[in-house]
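Worksheet: the structure to be examined is printed underneath.
Each chain carries a letter (A, B, C and D) given by its place in the written order, and its residues are counted from 1.
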Amino acid sequence: MRDWLILGVGTLLFGLLALSGDTYLLRLGTMLAMYAVLAMSWNFIGGMTGYPSFATAAFFGLGAYTSAILQAAQMPMAVGWAAAGLVAGGFALLIGLPILRLKGHYFAIASLSIGEILREVVNTSEEITGGGMGMNLPLLRLPPEVQAQAFYLCMLGLAVLTTAVAILVHHGRLGFAFRCIEQNEDAATVLGVDTRTFKTAAFGLSAVFSGVAGAIYGNWVHYIEPLDVFDIMHSVKPLVMVLLGGLGTLFGPIFGAIVFLALEEAVWRNFLGVHAAVLGVLIVAMVLFLPRGLATSFEQIARRFRGKAA
Amino acid sequence: MSALLTLDGVSRSFGGLRAVDNVSLEIAPGEIVGLIGPNGAGKSTLINVVSGVHPATAGRVVFDGRDITRAKPHAIARGGVARTFQVVQPFPNMTVRENIAAGGAFAGRIASLKQAMQEAGELAAGVGLGDLVDQPANTLTLARRKRLELAKSLAMKPKLLFLDEVNAGLNPAEIDDALALIRRIAEQGVTIVLVEHLMKVVVGISERIVVLQNGALIADDTPEAVLNNQKVIEAYLGKKYAAALSAEGGGP
Amino acid sequence: MTIQKVILAALGAAALSFATMGSAAAADGVIKVGAPLPLTGPLSPEGLKQKQGYDIWAETVNAKGGIKAGGDTYKVEIVYVDYASNTPKAVQSADRLISQDKVNFLFSPFGSGAAKAAGGVSEKYGIPTIAATASSEAVYNQGYKYLFGTFTPNRTLTEPLADIVLGKKPGLKRVAILSRNDLFPTALAKEMAKSAEKRGLDIVMSEKYAIGTMDHSSTVTQLKASNPEWVFATGYINDLILIRKQMKDLGVGAEVVTMIAGPAYQEFIDASGPLAENITSSAWWHPAVRYKGDDVFGTTENFNKLFEAKYGAAADYVQASAAAAGVILQLAIEAAGTVEPAKVRDAIAALDTTTFYGPIKFGDTGQITSLEPPTFQIQGSKPMVVYPDGIKQADINFGVK
Amino acid sequence: MIYLQILANGLALGGLYACIAVGFSLVWGVLNVINLLHGSMIVLGSYIALFAYTTFGIHPFLTVPIAGGIVFALTYALQRGIINRVIAAPVLMTLTLTFGLDLIFNNAMLTAFKADYRKLILENPLGSWSFSGVTLPVDRIAAMALAMLLTLMLFRLLKDSRIGRAIVAVRMDRDAAALMGVDVMKINAITFGIGGFMAGAAGCLLSIIFPISPLNSTVYLGKSFVVCVLGGLGSVPGAIVGGLALGIIESFGAFFLGPEHAVTLAFSLLIVFLIVRPTGLLGKKGYE
C-alpha cells in the first residue's frame, strides 16, 4: 500500500514537470524516465533474481529497430512501440532458455554477446535496417516544446508502468520466487520452485520495458544507428544505477537513476574530455565504499544517528 | 498395498565413477526407513537421484504411481518428495518465515502468499522457532538451521520426506529433541527416509533399515537383522575386524 | 562509516552544483558558437581535428579584433561539448547548447549521420548551422533551411579519380572495392561502383568488412585471387593502415591503389612509412590548393602558415573545412550586419565568394556546390596533387607493390 | 591452394589471439575475476614498445621484458590496493570495479597518447616468407613464436616453481590453500601481475603488426573473451588451442561468409560454446 502511495505521489510530482516548456529540462526528464525504466527492468533479472545480465543494450536496440522498421513500413508509432515490447520480450524468452542455464561470469558474457551479435546482424542487414547508415524516424510536425512534453509524458508513462509492474512482482509470488533463486538456486529447486520458468520470466520482464524504451527513444531522437542503440553502455549504466540505489530493492533503481543522471550531467558539463575517467572514479568509489547502495547506506547512517540519540 | 516409492535397478554415474549402482528398493506409505552406509556409500547421491537433482543414468524411479526418472527437481518436489540437505541450505538473507513460506508457496501449492506466510509461522512454532520467525536465516545456530530445514520441508506438505543427516553436528540432547520431532511428523502420515551414517540414531526409530556400500544395496531388513548382517558389519568395520568380532561371538 | 559519509556528501554536492549550473546569459559583444564534438571514443581523432580548425579560426578572428556586424564588434567564443562519439548524445548536446547555453550559431557534430540527426534540432530552433564534415546528400535533402555543409557530395571524390586513372590508363579493366561497413565508407564505395560501371569497368570483387575487424588476411587473400588492377578501399585510418600492411605481407599489388579517407592525414603517411608510396586518394581540400580569398585568412598559403605555426603540422581537409565553417559564418554575419539568426541564415544562402578553402556557394539544399575536390597521390612520403590540372603538383604514378 | 593460404592466415592470426588471451584466462581462472582492464594493458604494452623504439631504438622484441615488467608492477599494485578488497564479493561487484578502473585507465591513455592511430615501423621490415604458393608475414610468425615461448615459460612457472604451485593451489581451492599457509592475497596479486605481464608482452609483440591506439582495447578484450571460452578457462594450453581455433574459424568464416560476418561468427560461436561445451575445446573443468 505504501509503495502504491509513493508511486502515486511520484507520478503526480514528475507529471507536473511536463507543464514546463523548458525543452532542456524536459529532455533531462525524459532521460531520467528512460534511465529509470532501464534500471527497473534490469533489476528484475540482475537485482531480484541475481543474474548479472549485460543484455539490456540488446533489448533496447532490438526494440528501437523493431519500431523503426515498422514505422518505415508506414505503421503508426503506437504499433511500433507495442511491437517493440513484444519482440524484445519474445526474443528474451527464446534466448533466455539456453543462456539462463549458465551462471556467474558465463551468463554475463553470454548476455553481453547477444547485443554484439544483434548489432552486427543489424549492421549487415542493410536492405531492412540501412546497416551502418542508420535509420531516420518520421519527424513529428509539432512545435519543439510540445514534442518535448509529449515524449516526456510517454517515457514517464512507461516508467510508471514499469514501476507498477515492479511493485506487483515485488510483493507477489513472482518476486518471491526471484528472491529464492537469487539466494540459493539449488535449494529453491528442491523447494518446488520451477527455476527455469521463473528465470526466463525475469529475463522476459527485463526485456519488454527496455524494448519499449528503445522504441520511444528512437522516435524521440528521430535517428538510430547500430553503434548507438546497441552500445554496451546501455547495459552498464542501468547496472550502475541499481548498484547505486541498492541491489534488489524496489525503489532503489529509481533513486539510483536520479543520482546517476545528476552526476553524469554534472560530470559531462564540467570535465570536457575526461568525463569517462571521472565516471570511472565514481564507479570504483561506489564499489569500494558503498557496495550496498546509497539507499541502504542512508538507512544505516540514519539508524546510527537514531541509535546515538536514544 | 502398493509402494509409495519404487527404485528399479537404479544407477548413477559421474564420469567413470558409479556413485549408485543398480539399486532396487521399495518404500511403502507410512514407513520410517533408515538409510545407512559408510561415508561415500552413495546415500546422498541416491536422494539426489530420487529428487531429480542428478537424474539416474540407468533404471527407473516410480513415485506415487508416476515415473519420475527424468522429471525436473521442482516437479518432483511439487509431486510430494521433500528433502533436507546434509549441509543446510537456507536462503541466508530471508527471514525464517520467508524461508518456510517458500516451501509452502511453491511445492505446497498454497495459492496465496499471505496464507503461506501465515502457515509458515505455525510451522516455525511447531519446530521451536516461534520466537525467531522474523530473524534472517543466516543469524541462526546450526541446530536451529537444521530445524528450519525440517520446517521448510514440512511446508511442502510432502508424502515422502528424506532427512539427510539432520542430526549431524548436534549434541545428544538436541538429537533426542530432533528424533521426537521426527516421530511426530511420521504420526501425521508422512513417509520418512532417514539418512545417517551413525547406525545408533536410526536403529531406535526405523522400522526397516537399508544399507548401501560403494553405491550398491547390501542389506534391506529389520533393524535387528541388519545389525547382525555380516556384510554390514564388514562394511562398517572392515573385513579383518569383523572376522575377529564374529569369532568372539559378540555383536556390535 | 566516515568514508561513506564523505562520499555521500561529495555525491550530494555534485548533484547540487549540477542543479545550480547552466543558464549563463550571452554576454554583450560575444558571439557564442556551439560545437558538439566527439572528443572521446572511436571518433575522437576526427573530433580533435575539427576542434583545431574551429580554434584557429576563433583565435585568428579575435586577434584581429573580432567580427564586425553593423556598428558592433563581437568576439567569438566556441562552446564545446564532448558527445563521446555517441550520436544521440550529439543531438542532445546540440539541443542543450541552443536551449541552455544560448549559443547564437551551431557547428554540426562530426560526420553525415550525426549532422543529419542534429540538423533537426537547429531546424526546430531556427539556428543557422554549418556542417564541416558531412558529405552525404541525404543530410541536406530533408528540406532543412538552416543547415549548410562544406563538403560536396561523395561522387565528386570518385568521379575525378576515375577520370584521371582511365585518362592515363585506358585499358584498365579490373576493379576491386573493399569498404568498412559504416556510413561514410559504404556510401563512398557505392559511388565508386557507380563511377566504375559508368565507364564499363569490371568489379571483380566487392566486400565489406565489419567495424572492429582486426585482421584482413582472408579478404586480402581473396583480393590477390581476384587479381585486380585497381584496388579501391574505404575505411578509417586504422583500417587502411592495416589493410595496406597486410597487402604487403601477402604480396598483393596493383596498378592503382586508392584509399579514402586515410592518406589525406599525415598519420597515415607516418604510420605506413614506405608502404604509403603511390597510394592515391581524394579529399575536399588539400594544402596544395591555392586560393586568394576575402576572408580572415586571406590566402591558402597564409592559412597553412598559421596552422603550421600553431600545431606544428600541415593542415588536412577536416581541419581546413572546420576553419572554413567559421569563415563562412563570419562572412555571412558581416554581410547581414546583424547576429539575428534568420538574417544570417539568408546571408549564408546568398554567399558567393572565395576563401582560403575555395569558392563558396551553396546549392538549394544547403550543400556547397562550388568546390572541386583535388585528387592526390603519396609521392616521396608527401601528398602531391595530381588533379585537377590547375593546381597539379605531379603526374600520377602507376604501380603499387 | 587458396585454402592452404587461408589456413596459414588463420594459424598466424590465431597465434596472436592466443598471445592476447593467455593472461586474461589465467586471471579469470585463478581469481575468478574478469579483468576488463586487460585490453587497456595490452595497449599500454604497445605504447611502451613504440616509445622504446622511437626514443631509444630498442627493438620491440627486446622490450618485451621491460613492458611486461612495467605492466606487472601496475597490475600488481592495482590488485593489492583495490581489487583485493572486493575479491570475495559477487561477480557483479568485481566486474563493475574493473569496468570503472578501465574507464579511468583508458581515458588517461587517451589523454596522454591521443586517439590517433600510430604505427611502429621497423627500420628493417621483416618481410614475408613464401613457399609453394603460401605467403606468411615474418613479423607475425616471429611474434607468434615469441608468444608461444612466453606461454611455455608461464606453463613451466605454474608447474615447477613454488609460486606457480601456490597459484595452482589457490585456483583449486582458495580456502584449503589458505589453511596450508599460502598467503592468498599475495598470490592473488602475483597472479594478477602475471596476467598483466602477459598483456604487456602481448602489446609489445602486437605493436609491429597492428596500428596502436587506446581505442583498440575493446577489440583485444572481446577476442580474449572468445578465446577463453573456446579454449577453457584458466588453462594455459586452453588459451593456445582457443586462440588457434578462433583464428582459423575467423579466417575461413571471412572467406566463405564475407568479412563483415567475421565478428558475428566469433560471438555466435562463443554463445554456442558456453551453452554446449562450457569447459572449452580441451574439456578441462573450468572454475566458476
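Here is the rule we use: a contact is a pair of C-beta atoms (placed from the backbone, for glycine too) under 8 Å apart; a residue touches a chain by one contact, two chains touch by 3 or more.
All figures in this text were calculated on a predicted structure; none of them were measured in a lab.
Engineer: Suppose chain centres are the mean of their C-alpha atoms. Which chain sits farthest from chain A?
Structural biologist: Result for max centroid distance from chain A is chain B.
Engineer: Contact counts by the stated rule: is the higher one at A-B or A-C?
Structural biologist: A-C is joined by more C-beta pairs in contact.
Engineer: Taking each chain's centre as the average of its Cα atoms, which chain lies closest to the overall Cα centroid?
Structural biologist: Answer for the innermost chain: A.
Engineer: Could you put a whole-Å number on the gap between the CA centroids of chain A and chain B?
Structural biologist: Using C-alpha averages as centres, the distance is 44 Å.
Engineer: Taking each chain's centre as the mean of its CA atoms, how far is chain C from chain D in angstrom?
Structural biologist: Whole-Å distance between the two chain centres: 35.
Engineer: Averaging only over C-alpha atoms, locate the centres of chain B and chain D and give their separation in whole Å.
Structural biologist: Between these chains, centre-to-centre, one finds 48 Å.
Engineer: Residue numbers in chain A touching 2 or more other chains?
Structural biologist: Chain A, residues with two or more chain partners: 120, 123-124, 273, 276, 286.
Engineer: Which chain C residues touch at least two other chains?
Structural biologist: Touching at least two other chains: 40, 181, 208, 210-211.
Engineer: Pull out every residue in chain B that's touching 2 or more other chains.
Structural biologist: Residues: none.
Engineer: All pairs of touching chains?
Structural biologist: Inter-chain contacts occur between A-B, A-C, A-D, C-D.
Engineer: Would you mind writing out the residues of chain C in touch with chain D in their complex?
Structural biologist: Residue positions touching the partner: 40-42, 44-45, 48, 181, 207-219, 221-222, 225, 237-238, 241-242, 245-246, 248-251, 267, 270-273.
Engineer: Going by the contact rule set out above, which residues of chain A touch chain B in the complex?
Structural biologist: Contacts found on chain A: 171-173, 176-177, 179-180, 183-184, 186-196.
Engineer: What residues on chain D touch chain A, complex-wise?
Structural biologist: Counting only chain D, the residues touching chain A are 28, 32, 34, 82, 85-86, 89-93, 95-97, 99-108, 110-111, 222, 225, 229, 260-261, 263-264, 267-268, 270-271, 274-275, 278, 288.
Engineer: Applying the document's contact rule, which stretches of chain B touch chain A when the two form their complex?
Structural biologist: Per the stated touch rule, the residues are 51, 53, 72-75, 77-78, 82-83, 85, 89-94, 98, 101-103, 105-108, 113, 152, 156.
Engineer: Under the definition above, what is the set of chain A residues touching chain C in their complex?
Structural biologist: Those in contact with chain C are residues 22-24, 27, 31, 120, 123-124, 126, 131-134, 136, 139, 144, 147, 217, 221-223, 225, 227-228, 231, 233, 259, 262-263, 265-270, 272-273, 275-276, 285-286, 289-290, 294, 297-298, 300-301, 304.
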